[in-house]
Amino acid sequence: MTTQPTTPILSTRELRKSFLGVTAVNGATFDVPRNLITALIGPNGAGKTTVVSLISGQIKADSGQVTIDGADVSGWPAHRISQQGLMRTFQLSRELGGMTVLENLMVSARRQTGENLVNVFLRPGAVKKEEAALAARALEILNRYGLYHLRDSRAQALSGGQKKLLEISRAVIADPKILLLDEPMAGVNPALIEKIGEYIIDLRDGGMSILMIEHNLGIVEKICDNVVVLAEGRTLATGKMSELRENEDVVRAYLGEVINADNGR
Amino acid sequence: SAGTKPAPLVVGAMFPFTGAKAILSTWGTHGVAAGVYAVNAAGGVLGHQLTYTYADDAADPADALPAFRQLMLHHPTFLVGPFSPTIESVINQFVPNNVVDFMVGGLSTLDNNTNPNWFRTSSSDSNEATAMAYFAISHGWKTAVMLFDNSANSQGFVPPLMAAYKALGGTIQSNQVINPGASSYTSTLTSAFQNNPAVVFDSMDSATAATLFHDAQQLGYMNRPWIGDDLQSSSQGPYAAAFGPTVTTNLYAALPATPSGAGYNTFLKDYALRFGKKTTVWPTTYNEYDSIVIASLAMTMANSTNPKVWVKDVTKVSNPPGTACTNYPQCVALLKKHVKINYQGAAGNDDFNKYHNVFSGFQFLGFNSALNTHQVAFVTPAQLAATVAKESKKG
Amino acid sequence: MHLFWIDFGTGLATAAVVALAATGLTLQFGITNYINFAYGDFMGLGALLTFALNNQAFHLNFWIAAPIAAILVGVFAVIANQLLLAPFARRFSNPALTMIVTFGLSLFMANVATVIWTGNTLFFRMPISVDKKVGPFLWSPDVMIVMGFAVLVMVMIHLLLKTTRLGKMMRALSDNTSLALTSGIDVRQITNVTWFMSGLLAGLGGIALAVEEANLTVTSAESYLFVIFAAVILGGIGSVYGAMLGALAIGLLTETAPLYINAGYKLDVGFFIVIVLLLFRPQGLVPRLGRS
Amino acid sequence: MSAFFLFFMTMVFYVIVFWIASLGLDLVWSRTGIPLFAYYLYVAVGAYLTGLFSLPHVPLQNGVGNLFGFNLPGLLALPLAAVVTGLFAMFVGAVFMRRLRTDYLAVVMVAVALVIWDFSQNDITLVSGNTGLTNIPLPLAGVLHININQWTYLYTGVAFVWALALWWIMKTVSNSPTGRVFRAIRDDSVVAATIGKNVYRYQILSMGIGGFYAAIAGGFLAQLATSWNPSSWAPFEVFNVFTMVIVGGVGSNLGMLVGAALLQVLFIQGPTYVASNYLHSPTFETLAAAAIGVLMWLSLWFRPQGAVPERLKSTAWYLGREPALQETINPDLTVEERA
Amino acid sequence: MPTMVADNISSGYGKNLIIRNISLEVDAKKVTTIVGPNGAGKSTFAKTVVGLLKAQTGSIVVNGDDLTKVPAYKIPGRGLAYVPQVQNVFVSMTVQENLEIGGFVTKGNTHDRMEEILATFKDLEKARHKRAGFLSGGQQNMLAIARALMVNPSVIVLDEPTAGLSPAYTNVVWEEIGRIAESGTAVLVVEQNVERAIVHSDYVHVFVAGQNHVHGTKEEIAQLDLASIFLGRSEATKS
């Protein structure tokens, strides 16, 4: 939080998406400030995961606009958005099960000379050197996230919590400008939650901007600089967690009573 | 030297034993076995007995070459087969590997063959097609539809049949390519028969024919003559069985050569001796039988079992001029007396032209209610030649 | 116009055959979530067993032999599932591998059937039926029986799935296998029932196909398999009603197409439509909620 | 003796050809996760194009002919055909990979192969329908003035050199970062896209390489048999190649050689020989074909990793040595044993 | 006598054992909770109890009825119901059909029971003819629990019923759990959130690395330094 953010790193405008007649996202509009941790909270089925998938391009929006670092990326395919400097993790971990943990990280790195076949055959030396350097960097990250001893196991053999960590380290190695985390703490034991919280703060201090979905309000309060509340696919409120606890709309939609089953969905 | 018998001579036979065309191997093996039986019963060739060995080409060109190499392991002096689908993938092997081949099958692309070691003992489909056209016109059937499946064999009929039919003054109203194995041909038939043709020419595999005939019955199209190729010629065969009630008046099948006469009777006798009286005489068996007799006679005449030597005598024993002979021992006896012979085989005169093709006449068969065949007409080689001459005048 | 209606009638007859088979295929897919490439051979087995009972072994009347044969195919399908497919599906979560296993089953069945029945064209012993004009259509009594029967089967399947306990259990299983197990559904038994029905319908479809084709060979149903697939995919794989709809569409399209294009390509019309449809609507006509 | 050697060489030739074919399928199917049931289509396209490139133009007459022909030397026609087939495969990939989910893709791929097979049988204007291409020239035979038997030896050698080169290329590709991206797509294509890989482009690339390999195999088959027609490539023959891949070991380049040899010798050529020479009955052969299905089941069940299993790439493999880094034991992350 | 007794259970996937020699008891009218770090084997234990995994050693007895060798699909009929953590409803079927399926294990008419349950779960009553796939995550969890209750089980096993639920729903679900226990059912809950578990349950088991590390009443457990038990990584499962 050294430089005062000028333009938001990420912003969405009037995002809309429905599945088979069910509206999941209905005009979500919010900004993610630069170099801060922003939480995206809201009741189950509010459309949080869908919003993240719309931003990262896994799902095409019915309408609306997404801007990353000033560039309008609406309608771009997922890989191009990712190359723009955005990384995401998944609510239900999606590891590359048949590859080793080390390879899970290596494959995620950006701009590899060897990912072009021409270079593989014409510049084998350069590719080889780059690979060794990359492996070393991946090992460092694995060490930081406590996965070093698992480097040569197949990723599918990891436990639930380890897979969450793998998701985060796989995003980190790509050194994104903005990181989207979908419930990184869900199903993780309390001790690890603390730890992951610290890692996320470290990443922010290293210059990354973060948007994380989370139901654990304790941790949200602790580490997030900024909170966006989503309900029924719409942005309900934004602000600091402490302010939002006072906000009646937020209390009604999320913290207090259960929403009625007939409310639109 | 006394007491030791000369080594047997090997005949290699290459047929599809597996795959969709496996039925052809039944034909081929019966013909080869009958021929070998006939020659051995008469004391063999130059004192050698004949034995035979088979290889499976599965009617697949990619499998034909290994099959050929398998046969060569037995050092055959000549081969019988393969049928049309695979001949092109082995034909270039015969000269370098010093083996003579006798093929059975109508593939019209080989009508102008120049390979010295290749002979065809069955008449080309192009002749058969011409005969079918001639037969139809001679009955006054001047409008026709053509229903030929997409196999190489059937499609080989199409250009010569069209040319001949037109040259003789007929009109082809519709030429449909039949895609085998469909569940119905109703729509194909309805569009083909729109203009009420006088006659139908057809060739297809038996399963497809069963479906198509069934549909044609439903639509009432079986009330006119259908002229099929030699596949449809067997007594109680699947085509006749599927044709329906009008089979006795409306189904005709072309059959190359003249399975009648002395040569054919000799063949029938040998066939019955080898397989028993009741065995079906499969199509083309007389062609394979003739192939073996002709090769054996050529070896006898050349007094050599080396293909390089005797291949030159193949046409000499089978073509005129010469004393006609209709069975192997009789022909051998004449050759021993240094008489020039002209073998008249089971399939007819077996005279090879300069492209090593035989050019036989065709008979047309009809069926009785028990689905047995009887000859309805015969188209002579001379009539065919005249038709072809007319075509070139028109073209 | 006259020709069009005759072809349309044939299309309906074809649709009946395709619908029988397609329903069986899609039921099984719904439960097991992998495509059975041996389904064409199941169909063929139905026709071949009918042939065996009709012409070879007991010389039963065709209309008696056919249901017995179809039931035997059902039993065979259960055995094939128990001994081969279920163990593979349990062991390998990747359905593509089980798909390859069914490919192997197809190869196995086709070749063993060739050993038993040869590759020759076979005919049922049944009287030749004469065509009848029904409205603008031309149908033989055999084909009309097949069509009526197909409609009856479709209605029964609808009632089974929507109203009976067994049907609801099947739908539950198709939705989520392990949850069905812990909800007290005997998954193995329901899976077997499904395979039995799938086999039964395959057998019936194969027999109907042979009746329509007026003959059978060991591989004729196998080569028809992709027409069935086309119908199933068109309707959205795993969806029973979709399969019925798809069958109707494929039957009518392929049989009327030759009025406008070379008849040699009429089946390709079906494939072509499926390919184009999938490019624009990848989930089929009737998409299915649930497993994604 | 020479008959035996020629037979042996022909077998070797087939093993080499199917090694090449299974290398290509292995890349597309086992390493990129595309259920390419249309693989034999590319074998066929390669064969047809090799023929057309090396044949002269034969105008259609009496239902036989080829629409075009370039009279190129066979040695050149083969790689040229493979390149064109690779581009064709990429085109097919570009059309179908865009939207389809895996099981639809599998079926649609078979449908595409069947439609084109149907077309190749029905259409007589392009490549003579079921008659197909004939008299495809023997490369080099005319130049060196050798007969077809000597040529068989020579060309088996040529095929072997090709196979070695293709093996080395495949090895290099699969060990490269590009190969790693392929495997990521196989494991989870959504993840591959989120980490910035252009999944579609890599899938098409994989299809292109696979098409190239298939075409080389097809071209060799056509040149050896000097002919090619629709019965040379019933689309379901692809099952044999899948079995080679499974038996050899998915993802293993040397495994493909083992799989190809095993299937060709023990399950295809062997039974044919035994059936016709000793048993005089095709039943045995048919049962051997059925046994290929059984072989695949047994192999998948008892040795799913195949004869030569794929090796995981360890840290040491990447670094070229054991990692020097010692794990920092993070005191927060260790289990504290309590009594 | 406890309603359910699990004695000396060991189990795992394939050849490697994940949990070893675990014993625990669940009493009627009581909420018993299992907590523990990720990978400790909590879900594995739950799956073993309900027959999804085969117990390598030990026995499971419910109301004196030995269920150890009983196949999974017969277990609900014997009074032991299970609600998995994820994918716990039949998404393509309506709420009512989901409940009907829950009733299939009993022979008799389940209509009255369904009305009874729908009366308790007001949200579900309103969504009666909706397909379950269109419910929100929390409502789906609710439906799953309701379905398990259709047969009046003696024991109900809930695997992380509140994971990923919003705070509001989390409260609702815990209240419901309390009510279920009051009605006479023995409840076994697997839970991540230790604080919650301690508040709402009567008895707590702490699993660490596949073993029942400590257990006691909620008061006893509250005394322990749980953080240091939890802090740690589960051992890697190398294959």
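Observations on the model:
For reference, chains read A, B, C, D and E in written order, and residue numbers begin at 1 within each chain.
Just so we're on the same page, a residue touches a chain if its C-beta (ideal position, glycine included) is under 8 Å from a C-beta of that chain, and two chains touch if they have at least 3 such contacts.
Quick caveat: nothing in here was measured; it's all calculated off a predicted structure.
Within the contact network of the assembly, the step distance from chain C to chain D comes to 1.
Minimum number of contact steps separating chain B from chain E: 2. Distance from the centre of chain B peaks at E, each centre being the average of the chain's Cα atoms. For the pairs C-E and B-C, the count of C-beta pairs in contact is higher at B-C. With chains reduced to the mean position of their C-alpha atoms, the one farthest from chain D is E. Centroids built from CA atoms put chain B at 75 Å from chain A. Chain B and chain D have centres, each the mean of its CA atoms, that are 38 Å apart. Put simply, the C-alpha centre of chain A and that of chain E have 31 angstrom between them.
Multi-chain contact residues of chain A (touching two or more other chains): 146, 149, 154, 191.
Residues of chain E found to touch two or more other chains are 231-233. Shared contact sites, meaning residues of chain C that touch two or more other chains, fall at 114, 262, 264-265, 267, 289.
Against chain B, in their complex, chain C makes its touches with residues 3, 6-7, 10, 13-14, 17, 114, 118-121, 123, 128, 131, 138, 140, 209, 212-217, 219-220, 223-224, 227, 255-259, 262-267.
Only residues 3-4, 6-7, 10-11, 14, 61-64, 118, 121-122, 124, 129-132, 134-135, 138, 147-149, 221, 224-229, 231-234, 269, 272-273, 275-277, 280, 282, 285-286, 289 of chain D touch chain B when the two sit together in their complex.
Against chain D, the residues of chain C that register as touching in their complex are 34-35, 84, 87-88, 91-92, 95-97, 99-101, 103-108, 110-112, 114-115, 226, 229-230, 233, 237, 262, 264-265, 267-268, 271-272, 274-275, 278-279, 282.
In the complex of the two chains, the chain B residues touching chain D come out as 17-19, 22, 25, 53-56, 59-67, 69-70, 72-73, 75, 85, 88-90, 92-93, 96-97, 107-109, 126, 150-153, 155-156, 158-160, 177, 179. Taken in their complex, chain D has these residues touching chain A: 172-173, 176-178, 180-181, 183-184, 186-188, 190-200, 205, 312-315, 318-320, 323, 325, 327-328, 330, 332-333.
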